[in-house]
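Same chain, two partners: chain A is paired with chain B first, then with chain C.
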Partner chain A sequence: MFRFLNLTLNGLTNGMIYAAVALALVMIWRATRIVNFAQGGMLMFTTFIAWDLAQVHHANYWVALVVAVVAGILIGGVAERVLVRPVENGPPLNAVIVTLGLLIFLQALAGMIWGNSQAHSYPPAFRFIGYKVGDRTLRFSPNDLFIVLSVLVVVIALYVLFQRTSLGLQMRATAFNPEVAGLLGVRVGRLLTLGWALAAGLGALVGVLVAGTSSGYVTPVGPFDALLIYGFTAAVIGGLDSPGGAVVGGVVLGLILSYADSYISNFIQTMYALVVLIAVLMIRPKGIFSRTSERRV
Partner chain B sequence: MADELESPAGALIAPTSASSTDRFGVLSRSTLLRHTLAALVGFGVLWLLITSFSDYRNSSWIAPIAFTVCAAAGLTVLVGLSGQISLGHGAFMLVGAYTLALVQEHWTTSHGNLAMIGLLAAAAAGAALFGALVGVAAARLRGPYLAGATLALALGLPTLPSYEKLSGKLGGNAGLFVSSPNPPNGMDLYRWQSVICCASAVVVLWVLANVSRSRVGRSFRAVRDDEIAASLCGLSVPRVQVLAFVLSAAGAGVAGGLLAMIDLTAGPQAFPLSLSFGLLAAVVFGGLGSLAGAIYGSILITLLPLWSQDITDALSVHSHKVSSNMPLMVYGIVLTVAMLAVPNGIQGLLRSLRLTLAPGRRR
Partner chain C sequence: MSALLEVQDVTVRFGGLTALDNVSADITDGEVVGIIGPNGAGKTTLFNVICGFNRPDTGTLRWQGNALQRHQPRQLAGLGIARTLQGLGLFPHLSVLENVMVGATKHARAWIGSALLALPRGDRDEQQLRKRALEVLSELDVADIADRLPGQLPYGVQKRVALARALVADPKLLLLDEPASGLSNDEMRELADLLRVLKKDVSVLLVEHHMDLVMDVCDRIVVLDFGRVIAAGTPAEVRDDPRVLEAYLGEEVTDADG
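Let's look at the complex of A and B:
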């Protein structure tokens, strides 16, 4: 029972991380109808920037975090303007390949700057020794609490932004119907860039959070590829279109992976995500929370 | 062989050329005959190259290019002709490699060359079977959903041999042993490997070139261009899409089998995500849907890692970090730039160049 409780707590923490990645993918999907396969690469790169500041130049944890998020916002905005804009209205295949190209480019660039051979450790924000209940240690530490709370705060902030502000209304209008929004005076192009920038900033936050967990480390390829797959799976569970669904999907996936990891085998984590992804897509090819829509003719 | 596959756009407009009928007679009327002749000539040229090249050239140029062509040709048929996407074609290569290793371990007694052909056929069949399985799922998925699912496949499948319940049978992280083919008298091993790889590549290209010029190929294009119109014409869209996956996976399976035969192991490390990305870069660089493009692309992604040290030296950056990441960086740039600037790849460029130089002649 205690083991089950621990697995649940661990699943919740990881689930919040997957939820945040999923949310970033959903934001970009809603704005531009593109799945950003470069998400994992972008957050890997910003995490490396933060790692360089924190471990090589001994900067404060919070300074490094802020710099990473700002770098993420810049990378996201520039990527949208320069690379994504030309393929936004083309065939979906082209956009997939361009974002994949960006992912590979960022992985190679990170490898050139920081090297592939070493897995760099990242300092946690808080202690990662679990809380104690009686004489037993929970698999839930102050650092995990920090992760859960920061993702929650971001989710709430995004909710307020989208539902309660004029900017959010404009962003939703752009996602819903760019042409009409443009006619009504919304600066569509700018808002698309802003959508990408915000999503990449959120990704950068996740990268630093993940790197600072007890099992986290920073390398150009590896853990962040898997993170993209987990985020994508979570977003698909939620239907790619629904921010709320993405958060629920993230937590559900986090729990499933945590249980399967412990009760079946911890060698084949990505296979579990694949099985969940395929199962969800077979039942609802556009995700569980999606509203039914016909394919465009 | 190179020019036999029409461009995606040109295929429906100009299936056969009228002007060359007089000059080549029966050759231009029978596609099968023309492809067979091209295959024989192509293999003859390759044979000359193999016998004149050194062991180094054979083992690090010819053989890898040839097996990459098998996989890239399959992928270009899938992406360029049937309009589906696979970001994880390395997974099918992995299935081919393990099929070859398992069949060799359990069912073969001889190591003769007939057995080798059987093993490669088994690798193709194993991957094709797996391709059918993936294809059935893929036929329900579109665009980014399919891309994400195949990416997950390429990331997940190589972890499977480490799974406790399978590691006994699949050899864990180290993989399975594959015994080397026996070269005939008077030929050394590297040359013989190159011959096997080139023969396989020619066969794969021959099959795919014929298929893509046949009714099946036309149904691929019809489904790619407009699924609804295709189904109104009586085509079963899911069946066509599954068939494309099966064909494509078979090509990748042969490639995986050849890779295992050269490496003497079938192991998960030989099939990282960067392999799948490289294959996609190859077909995009060459021009989607063009078998000739798959050849150019395979040459690029095979030679690039070998030359990247020279490239970084030429740029006077003497750093292992830089040179080891150079191929990956070029893949990334090729994918992005090709999609933004030259969406039809090298083959598209060549075709438009030919049309500009000789506007009257279309083939």
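Let's look at the complex of A and C:
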């Protein structure tokens, strides 16, 4: 029972991270109908910027975090405006190739600046020794709590933005039908840039959070690529179009992986995610929360 | 009174086909102008030229005296031109009220940042948009369905919602693309009454097949056939014009019993 509790807490923490990555992917999907394969690369790069500040220049943890998020917002906005905008109305494959190209470019650039061979450790925000219950230690530390709460705060903030502000209303309208939204005076282009910027900023936060976990480290290629697979799976569970679904999908996936990891085998974690991905696509291709009947794309 | 919108000698060719041939038309404040003509006469092309979907090969458009050059559909709202679409284009997952609020975004002045940070300014904007959208919905007698989704409503009511969404931006000119299509006779009478009320605040340019409605509500009518203006004037003038009878009304009369 204690083991199950631990696995649940661990799954929840990881799930919140997947949820945040999924949310970033969903925001970009809603804005531009593009799966951003560069998401992992973008958050890797901003995490390196934070790492450089925190570890090389001994900046404060929070300063490094804020700089990473701001850098993410800038990279996301510029990527949409400069790279994605020209291919937005073309065949979907063009956009896929552009985002893959950006991923490879960012990985190469990070390798040139910070080196490819070494795995850099990143400081956690808080202790990562678990809380104690009696004489037993939970697999849930103050740092994990920080991860869960920060993602939760961002999710709530985004919910308020989407559901309670006119800007969010315009973003939702644009997601459904950009042409009509444009006719009504919504500045569609700006909103697309904003969608990418917010998503990349969220990604940057995730990168720093992940790097600061007990198993986290920073390299140009590696842990952040797996994060894209988990995030994408979580987004697909939620239907790719639903921010709420992405969050639930992330937590569900985190729990599944945590249980499977411990009760089955811990060698093949990425494969469990792919199994879940294929299962969802076979059984409910529009996600668990889809409102399929109403949508015509 | 000077014209609100002037179309001067506009020609549009698609390959070898001349869709519009030296077409001129205009509309002044407080007028309802109808564009009629048989299928393929160029009504939709004229509409699309005004909206900026098609570029004229020759000829000019003037909006409040200023030439419109290479304007884009997305600039219409800023100019004060609103349009409804044949397919309505309501956002399926947004409530009726939210649909209308999107139409009023021109009036949302808040800087993006104040919305992001939920500053008071953004919140006040949101409240004003909501209030304004509700007002327009009540003007069109559909305030009671503000919280429903468009898909749950009968077509005639959806059309009213689309109209509310166009009106909420306080346009100077309202472009209506086949406003009567799919409406019952009762609904069409209501639409005619509504248009007569609306013209106090906004000029209306409508493309319509339905002769009864056009003859009933329009101050002036422009008749197109094969891309040319074959007649223009008041409903009475147009009705008696032999060219119009030949091109359009004759055809209507023969199948009027169908």
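The rule is short, and it goes like this: the second predicted complex is superposed on the first by the 292 of 297 C-alpha atoms of A that agree within 3 Å, B and C clash if a C-alpha of one lies under 4 Å from a C-alpha of the other, contacts with A are read in each partner's own complex, and residues count from 1 in each chain.
Throughout what follows, a residue touches a chain if its C-beta (ideal position, glycine included) is under 8 Å from a C-beta of that chain, and two chains touch if they have at least 3 such contacts.
Predicted model only: the values in this text are computed from it and were never measured.
J.: For A:180, is the partner it touches chain B (first), chain C (second), both, or none of the two (neither)?
T.: The second partner, chain C, only.
J.: Is A:97 in contact with chain B, with chain C, with both, or with neither (first, second, both, neither)?
T.: After superposition on chain A, A:97 lies in contact with chain B alone.
J.: Give one of first, second, both or neither to describe whether A:167 is in contact with chain B, with chain C, with both, or with none.
T.: second
J.: Tell me which partner A:194 touches in the superposition: chain B (first), chain C (second), both or neither.
T.: The answer is second: A:194 touches chain C but not chain B.
J.: With both complexes overlaid on chain A, does A:221 touch chain B (first), chain C (second), both or neither?
T.: The answer is first: A:221 touches chain B but not chain C.
J.: Is the number of chain A residues in contact higher for chain B or for chain C?
T.: With both complexes superposed on chain A, more residues of chain A are touched by B.
J.: Please report the chain A residues shared by its interface with chain B and its interface with chain C.
T.: 295
J.: Can you check the complex and tell me which residues of chain C touch chain A?
T.: 51, 73-74, 76-78, 82-83, 85, 89, 91-94, 98-99, 101-103, 105-106, 108, 110, 112, 115-116, 118, 122-123, 125-126, 129, 151, 165, 169
J.: How about chain A: which of its residues touch chain B in the complex?
T.: Residues of chain A touching chain B: 29, 34-35, 37, 83, 86-87, 92-98, 100-109, 111-116, 220-221, 225-226, 228-229, 232-233, 236, 240, 265, 267-271, 273-274, 277-278, 281-282, 285-286, 295, 297.
J.: Any idea which chain A residues touch chain C in the complex?
T.: Counting only chain A, the residues touching chain C are 160-161, 164-170, 172-173, 176-177, 179-188, 190, 194, 291, 294-295.
J.: Can you tell me which positions in chain B touch chain A when the two form their complex?
T.: Residues 79, 83, 85, 87, 137, 140-145, 147-149, 151-153, 155-157, 159-160, 162-165, 227-228, 273-274, 277, 280-281, 284, 319, 321-322, 324-326, 328-329, 331-337, 339-340, 343.
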